[in-house]
Amino acid sequence: MAEKEQLIIESGDASQPFAYAVGMHGSKFFTETRDNKRFMGLKCPKCGKVYIPPRGVCGQCFVEMNDWVEVGPKGVIGTFTILRFAFIDPETGHQKPVPYGYGFIKLDGADTLLQHYIALEDESKVKVGARVEPVFAKDRKGSTRDVEYFRVID
Amino acid sequence: MDKAAIIGVGMTKIEANKQRETFADMAWEAVNKALADAGMTIDDIDNVITTSSDFWDGRTISCMAVADASGAADKNTSCVEGDGTFGAFYGYTRALSGSYKTTLVTGHSKGSQCVSSLITNSSFDPIYERGLGMDMITACAMQANAYMDRTGLKPEDMAMVSVKNHGNALKNPVAQLPMKISVDDVMKSEMIADPLRKLDCSPVSDGCCAVIIAHESVATKFKQQPVWIRGLSFCTDHFFFGDRDLARSKSLAEAAKNAYSMAGIKDPKKEIDVVELYDAFTYQELLWLEEMGLAEYGKAADLLKAGHFNMDGPLPVNPSGGLLAGHPVIAAGLYRIAEVVMQLRGDAGAHQVKKAKTGLAHGVNGLCGQSHCVWILDKER
Amino acid sequence: MAKRVAIVGTGQTFHKSHRPDVNGQELINEAVQRALVDANLKMKDISAILIGNMDHFEGINYVDCWSVDGSGGVMKPVIKLTTGGTTGASLAIGGYHMVASGMFEKVLIIGWEKNSESDTTGAITTAFDPIWDRQVFAGAISGLAAEAQGYMARFGACDRDAARVSVRDRKHATNNPHAQLRKEVTLEEVLASPMLADPIHLLDVCPRTDGACAVIMANEDVAGKICSVPDWIWATAARHSYTYLGDGDWGRLTSMEKCSKEIWKKTGIKEPRKEIDVIEMYQPYSFAGLIWIEDMGIVGHGEAPQYIWDGNTDMGGELPVNPSGGVIACNPIGATGLIRCAEAAMQVMGKADARQVPDVNFAVSTGFGGCMWTDMLLHGKKKPN
Amino acid sequence: MADVFKGVEPMVYNSKISVPYSWWAGDTASKFFISLRDDQKIIAPRCGTCGKVFMPPRKICPACFTENTEWVDISNEGTVISYSVARRQLESIPVDKKTPVIWGLIKLDGADTALMHYLGEVKPEGVTIGMRVKAVFADSRTGTIRDISHFKPVK
């Protein structure tokens, strides 16, 4: 039993490319972030909740949203963690560098949270309720990467 | 068993690339069309089934993208992976289960976002087959060759399916590829995998379809005329091609037989008035018709040539233009159901066929029609 | 008329970290064969098959079609459901409706996963929105860590409270021959184990597992003939609301709250803590053992730590949770929710051997997955009205 | 709806799913591949109940649902059941293969089911259903299905 040879078939570096449509709501958001460094959310006409990331429909009320409101750019940490274990980033097929701070940011004026990196300059300051601000990338191309990360401000 | 009916359908236009729209945007459109068609609001729906594919969508748990836009918030919901006819089947059992009365079923796909050759290559067994590099087109070419060899069918015979279906699509506003073409055009189109030429193959498509299925106790409570589900069956053949008779489709014959039996249909050739089937490739329309018992084996092409399956023939097949005129993979079977419903209600507009009381809708899962789902729908209860 | 539905047989593999001796179809077959033996049925008796897993763990498209050699699906109706971690429980709910509809007499339900064949975290990460979530998300553990942080900040629980849950489940697992991790751990060992994502330590979370589970359901016309004590399904519920991860109420599992309320209401259960005899919960990490029994309505918000410390959820306690050792001891993801269902069924049927809770009249099984989703079933010894 | 998005270009996010897989062949496929690799011999399991010989090898007989325990040697020669020819360089085709690529479904003598593989040393026009072919083994063999290079026509 111990000596039996058990073969493995490897997929190698095979990968599946995708061209995901961002959609018009997301495209407007990224355009604003890229060109004007501001965040835009969508407000539900029925329950008044302000959604970020923006999307066309308030799921709870099942109504379309067209009312854009500016939110942030500052906010507070809604919840967070610090990732310390190694895993494969499915976008690259390689291990993602760890540790990294990762949080759900409640931008001022928004009701839902935006996921992003949190800088780990001082781990003790990264906690639920801490105030944060975005650090924008210099070269912005219209994706979540236009914000490099959020950092805790005193 | 209790009965159930389809009381609302909604379809987005099928397009090559809905670049402006996310999956959720497409679902929102199709669901609202279905609700409007049924004369319902989302509050009248008591459970939701979405149909999608993690591979085609490029996302594990692909159903996550559409739940809220499909009205699933705070409702009981689940997700079928595979063709929309299978999703609708699950929705049907839920409407009959005693737990629910009205199921909203959606199916979506965006072929434009992925590389279909790689996606379908992933359907092959990873240990024995995948590394050889076949995909859906080359696999179906293998089935087409086996079928032609057995029946003596010629590529020109298959091409007639393309001519008919693209022609039918001229009258269907949601079709992606309406075209007036000739057999010669098909025969001159690019050879992709012998014997399949470009015009023998369905296109890459984006689209979403939604249908609403209601238990008999509520089926007539809304404004839309119900279309009754009389027969429904599905069946799966062997996986490895070498285990099957590739020139035939045993699982389709079985599914059709069971669906007819449930519907009380004795002579499908006489009793079925309209068919919407899964013609991903031209030869499939012929082979599927034969296995469904709507033509003798090897003889569907002769009937086609005689105009039997034309829009104005005795048995119109794919009056919508079928998959050849638009193939949003996972949604495709659900579009077939929605099209038959429109035909039976008399709501199909320019592509309406004459005198349709009983219709057949058909969906496929897997390579070369490994698994089939057959629906018999009827105007009368 | 809709039919009442019961579980009449279950089968599981002996779950392990990796199974090099079998491919996926062969692994599935082991569970199927055991379920057939348990119910004393043959494959020809089965009217339809439901199967599920998560595609990107094994990288196989159309698994329902691919797996027929192992599942027994040749020339039978086979359908696939996929809802992420909830898959196994969604399959059980699917089987219930297929039988209840009157269309099928006996269905075979299969959940499976070979997590050893890919990078689990990498594959789970693809579950989240490619544009908004995928860049920073790091698999299930990152989302769960965020939930735990939210809970601790709101209710003042600590990682020691959570560790007590790990100690419980790992102890229970020693009674279950099918569990992957069958060695007890201490509080100190849990707290000293490597930090994966604050506040989650290695011993707070589930392992990676290869395994399969099969369950056979039958309608009321035949269930009593197949086995003497069928496990009747009283009610099911599922909540899968989601658009983006940041929409969640971090620190509460609202989907659990909604499912429980629906099930208690449907079945007339007023005091779940007293009326439920055992819970098999899809609890992928220790903190969930605190948070989610609060959301289920077993205890009030913030009360779970004391309830757990008092031994109420241990074997022999007021309401044992996870006699099987649960997910912390074993997690073949696509099978996990169905294993919970099978284990709850075994408790009702009196087949749970060393992990049997005495006199089970009502059992609850749950599934967790997607974006903080819950699926839930209520199992009972008596035939429902 | 249109007004709200005036001046906004629809964006597309180009990404990929690149999760590497290591599939365990399992004892049954391993035995078959090891025989190809080490002995250039094709072997297959036989069902003890119905007697069917399975290619590609299967641990369980899908019809009888019992374990196949007996192995038999089968021939390197067989008959083409069907075939397919890729004329377009489809994305699924391995990088070392150039069109036209021909695949065949080959029923080897002694097996009851057919194996999928490449047909080689033949032009697409020369392939027919029913033609006899013979396995050509790869020079470098690593324990995969490509330890057989292709099947060539039997003269």
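Going by the order they are written in, the chains are A, B, C and D; count residues from 1 in each one.
Throughout what follows, a contact is a pair of C-beta atoms (placed from the backbone, for glycine too) under 8 Å apart; a residue touches a chain by one contact, two chains touch by 3 or more.
Predicted model, so just to flag it, every value in this text is computed and none were measured.
The chain with its CA mean position farthest from that of chain B is A. Across all inter-chain contacts, the pair with the most C-beta pairs is B-C. Averaged C-alpha coordinates give centres for chain B and chain D that are 29 Å from one another.
Centre-to-centre spacing of chain A and chain D amounts to 42 Å, using the average Cα coordinate of each chain. Between chain B and chain C the centroid-to-centroid distance comes to 34 Å (mean Cα coordinates, whole Å). Averaged Cα coordinates give chain A a centre that lies 37 Å from the centre of chain B. Residues of chain B in contact with at least two other chains: 19-20, 24, 55, 58, 67-69, 72-74, 115, 118-120, 122, 125-127, 131, 238. Counting partner chains per residue, chain A has residues 4, 6, 8-9, 11, 14, 16-24, 26, 55, 59, 88, 90-91, 143 touching two or more of them. Counting partner chains per residue, chain D has residues 10, 12-13, 15, 17, 19-27, 29, 62, 144 touching two or more of them. In terms of inter-chain touching, the protein chains here all touch one another pairwise. Partner chain A is touched in their complex by these residues of chain B: 18-22, 24-25, 28, 42, 55, 58, 67-69, 71-74, 110, 112-115, 118-119, 122, 126-127, 131. Chain A contributes residues 4, 6, 8, 11, 18, 20, 22, 26, 51-53, 55, 59, 78-85, 87-91, 96, 100, 102-105, 112-117, 127-129, 143-145 to its touches with chain C in the complex. Residues of chain D touching chain C in their complex: 13, 15, 17, 19-29, 58-60, 62-63, 65. Listed in rising order, the residues of chain D touching chain B in the complex are 10, 12, 15, 17, 21, 23, 25-26, 29, 55-56, 62, 81-88, 90-94, 97, 101, 103, 105-107, 113-118, 124, 129, 144-146.
Those residues of chain D that touch chain A in the complex are listed here as 1, 4-5, 8-27, 29-30, 33-34, 143-144.
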